[in-house]
Amino acid sequence: MEFLVRFETFLPESMNQEAVKALKTAERQRAIELREAGILKRLWRVPGRRATVGLWQATSATELHEALASLPQFPWMDVEVETLATHPQEQ
Amino acid sequence: MEFLVRFETFLPESMNQEAVKALKTAERQRAIELREAGILKRLWRVPGRRATVGLWQATSATELHEALASLPQFPWMDVEVETLATHPQEQ
Amino acid sequence: MEFLVRFETFLPESMNQEAVKALKTAERQRAIELREAGILKRLWRVPGRRATVGLWQATSATELHEALASLPQFPWMDVEVETLATHPQEQ
Amino acid sequence: MEFLVRFETFLPESMNQEAVKALKTAERQRAIELREAGILKRLWRVPGRRATVGLWQATSATELHEALASLPQFPWMDVEVETLATHPQEQ
Amino acid sequence: MEFLVRFETFLPESMNQEAVKALKTAERQRAIELREAGILKRLWRVPGRRATVGLWQATSATELHEALASLPQFPWMDVEVETLATHPQEQ
Amino acid sequence: MEFLVRFETFLPESMNQEAVKALKTAERQRAIELREAGILKRLWRVPGRRATVGLWQATSATELHEALASLPQFPWMDVEVETLATHPQEQ
Amino acid sequence: MEFLVRFETFLPESMNQEAVKALKTAERQRAIELREAGILKRLWRVPGRRATVGLWQATSATELHEALASLPQFPWMDVEVETLATHPQEQ
Amino acid sequence: MEFLVRFETFLPESMNQEAVKALKTAERQRAIELREAGILKRLWRVPGRRATVGLWQATSATELHEALASLPQFPWMDVEVETLATHPQEQ
Amino acid sequence: MEFLVRFETFLPESMNQEAVKALKTAERQRAIELREAGILKRLWRVPGRRATVGLWQATSATELHEALASLPQFPWMDVEVETLATHPQEQ
Amino acid sequence: MEFLVRFETFLPESMNQEAVKALKTAERQRAIELREAGILKRLWRVPGRRATVGLWQATSATELHEALASLPQFPWMDVEVETLATHPQEQ
C-alpha cells in the first residue's frame, strides 16, 4: 500500500546548534535506510516551508507508523497521513 | 487493517419513492453481505443526521474502496475514510 | 451508549524523562482498569501522530467525562468526543 | 442526559405554499408533543437565520435521534448535536 | 436577553498549585453570586474538555461582558458568545 | 444595543427580471423605513460581492430578528449577526 | 474610505503590572488622538473577549496601516482589516 | 491604491453555447478597456481552475467595486478582494 | 517541475448514461496520451471518493494548466494544484 | 514562472533589540539583491499585520525555495506560496 505523508518539523528555539546538527545527520541517515528498505519512495519539499511531502509504501498503517516513529526528529514533527488506493488506470 | 469510514447519503429530491425504497432494500442487503464477509464490522448512526460512522476491515485501501463502491447508494454518498493503526495496548 | 473519543497528548518539553515514564506507566495501568470496567472498548493509533481514536461505553456523557478525567495524562490531552447512536442494522 | 441541538431548515423553492404551511403546522404540533414528553426543553431562534438552538433531554443518543427524526421537517433539516455533561456546580 | 456562552480555561503550567486552588475557589464563589443575580442560569461541561457551555441572561451585551469579566479566571479564559433570540413557540 | 449584520443575497436564476426589480424596489423602501425607525444605522457594500455589512440598533436580538425578517429579500439572504458591547472609551 | 478593523491584544504573561498599566494609558491616549484626527470613528468591544471592532477612516490602506502601527500595543495585537465600499443607499 | 482580486466564474450548465461565447467576448473586451484605463494591471490564471488572480488599481474600494461590477460575467463570479498597502521597500 | 494534482469529478445527474460512457472513454484515452508525453506520471484513487491524486510533470504552471484543461472531463472537475520543490535528499 | 508569496514574520520576544535591528538590515539588503536578480518583483504590506504579499519570479519551485531560504529572517517566517499560470489575455 502507498501513503502520502506530509510533515513539518518544529525544533525548539532552545535546542543548541550542535544538537540540531546531530539530529539532522541522524535524520538523513535513517531516511536513507528507509529508502533502501523500500518504505520511503519519494520525498519533495513544500516551497517556502520546513515541510515535506513524501510517498511511502508499507504493508499496513501500523508498519507505516513504526517507520515514521523511527525518524530521530519524530518527536518534533507534525505528521499527516493520507492513504492511497490503486487507480484502475495503473492496474 | 481497520478503517473508520464516515458517510452521509444525499438522494436527489427528484428520485421517486419506489426507487428510494428499492435502493434502501438493496443497500441493506449489500451491507449484510459485507458483514458476512468480515469487511463491515460495526455501524453507528450520527445522531440527527442521515450519516453513519462505520468500522471496516480490509487488506488494503484498494479493497476497501471496492467494498464501498459496491454499495448501491455509493453514487449519492459523501465518504471519508480514516486509516487506523494498531494501538500498542491492543497487540 | 457508545462514544468515539479522539485524543492527542502534548507533554511539555520541560517534563523530565522519569516523570514522563512514570506518567505513561500510570496511564497504561488506568487504561487497563477502564477496559476491565467495560468503559474503554477499543483503542487505535492515528498513524504518524501521538493521537488515538477510541470506542468508549458509558451510561451518560457525565460518566464518560469522569472516566476520561481519571486518566493520569488528562491535563495534557486535547480530547474530542463524538456521541454515537445505534444504527438500525445493529438492533 | 441533555443535548444542545442546532438545526437549520431548507425547504426546496419548488414546494408549493400550501404544502409549506401544512408542514409548518405539523412541525409545531410535533414540537408541542415533544415538549409535553419532556424531550424538548427549550428552543431559541438564531437571529437573522431560519435556524434554532434547542435544549433536549433523552436517555441516549438513539432516543434523541428518534425524536429528531419524528419532526415532519426532518428530511430538510441540517442538524448538529452536541452532547452535554453535568457541570459539578449543578450537581 | 439570553446568551449561549462557551468557555475554555487555560491556566499556565507555571502557576503554583495553591494559586490554582485559590483561583478555583474564587471562581466558584463568583459563579454562585452570578447565579443568585439571575445572570448565570445554567452551566454544562463539554465532555472530555476543560470547557463549559452556559446559558446567561443580561439586559445587553455590555452587561454580559461585565459579568464575564468579573470571573476571577477571565484573564485565562477563551470565551465565545452567541446571542439568542426568542423562538415564536416560547412566546 | 448595536449589532454588526452581514448579509449576502442569492436570488434564484429562475426568478424573472420584473420580479427581481419589484423585489429590489420593495427592499430599498423597507430599508428606508428601518433607517427612519433608527434600527438600520449604517450600510456598506463588501467590494466585489452582492453582500453588505450593516450597523443595526435594537433593544434585543428578538427585535433585530424581526427587523431583518421584515426585509422582502430575507428568504434569499444568508445573514450573520455579531452582537457588539459598548467600548469603555465610548461611554 | 472606511475600514472595519478587528483586533485582539495578547500581552505576554511575563510583562509586569506597571508596564501593562503604562501601555494601556499610552494606548488610550493615542486612540484619543486618532479620534480627533478623524481616523478612528467608532470602537466596540467583542463581548467576552479582549478584542475590539472599530470603524476607521483613511485615504488609503497605507495611511490606515500607519495609524494602526502607531498604537503602543500594536506589537502584541492580532489585526484584521476589512475594506468597505460605499453602499448605493448611502450616496 | 492596489488590490489583489481573486475570482472564479461559474456559468450555469443551462446557458447555451452561443450565449457563453458572446459573454466571453464581451468579458475580454471590457477587460481590455479596464486595462487601458489603468484599473486592471495584471491578470494570472490559477492553474487547474476557472479562476484568476489579478492586480487592480483604484482610488477607493467603491471605484474598484464599480469596475468589477462592470464585467459582463460579474453576476456569475465569486469575487474576493484583498486590499494592499505600500511596502516601505517600494516607497 | 513536479506537481501534486488532486481532482474530484462531479458529472451532472441529468447527463445520460451514453454521454457519461463516451466521456469516460475519452478521458482514459487522453490520460494515456498525457502519460506517454511524460506529463502524467502517477495516479492514485482517494479511497471512498470519485477523486484522484496525481503526480504530474511540466515545465511550468501554464503548461500544467493546458494539460489539465485538455482532459474531456475538465469542465466538471474540481482541481487543486500543489507545486513541489526538489528535496535535497533527492538531488 | 511567477509566484505569489505571502509571509508573516514572528521574531521571538526574547531576541534583543540589537539582534532584531541587525536582522532587519540584513533582510532589507538581501531583498535588494533578490530584486536586482529579478527574482523579487513586487512587495506589498498586508495592512495591520507584520505580513507581506510579494510577486516573485523563478524558473522553478526549487529556485524559488532557495531564494526564500536565503532571507535572513527565513527561520522565523511563516511562508505560503501560490503558483501562478499565465493568463491568456497576457500572452
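By written order: A, B, C, D, E, F, G, H, I and J. Residues from 1 in each chain.
Note that in this section a residue touches a chain if its C-beta (ideal position, glycine included) is under 8 Å from a C-beta of that chain, and two chains touch if they have at least 3 such contacts.
Chain labels with UniProt names: A, B, C, D, E, F, G, H, I, J = Muconolactone Delta-isomerase.
Just so you know, these numbers come straight off a predicted model, no measurement behind them.
In terms of C-beta pairs in contact, the better-connected of the chain pairs E-G and C-D is C-D.
Comparing contact pairs by residue number, the interface of A-I is reproduced by H-J among G-J, H-J or A-J, since over half of the pairs coincide. If you average the CA atoms of chain F (Muconolactone Delta-isomerase) and of chain H (Muconolactone Delta-isomerase), the two centres end up 27 Å from each other. With centres taken as mean Cα positions, chain C (Muconolactone Delta-isomerase) sits 25 Å from chain B (Muconolactone Delta-isomerase). Here the CA centre of chain D (Muconolactone Delta-isomerase) is 41 Å from the CA centre of chain G (Muconolactone Delta-isomerase).
Listed for chain J (Muconolactone Delta-isomerase) are residues 45-47, 61-62, 64-65, 81, 83-86, each touching two or more other chains. Within the complex formed with chain D (Muconolactone Delta-isomerase), the chain C (Muconolactone Delta-isomerase) residues making contact are 1, 60-62, 64-65, 81, 83-86. Chain F (Muconolactone Delta-isomerase) meets chain H (Muconolactone Delta-isomerase) in the complex at residues 13, 45, 47-49. Residues 2, 4, 28, 31-32, 42-47, 52-53, 82-90 of chain A (Muconolactone Delta-isomerase) are the ones touching chain I (Muconolactone Delta-isomerase) in the complex.
Residue ranges on chain E (Muconolactone Delta-isomerase) touching chain G (Muconolactone Delta-isomerase), taken from their complex, read 3, 5, 7, 12, 14, 61-62, 64-65, 68, 79-81.
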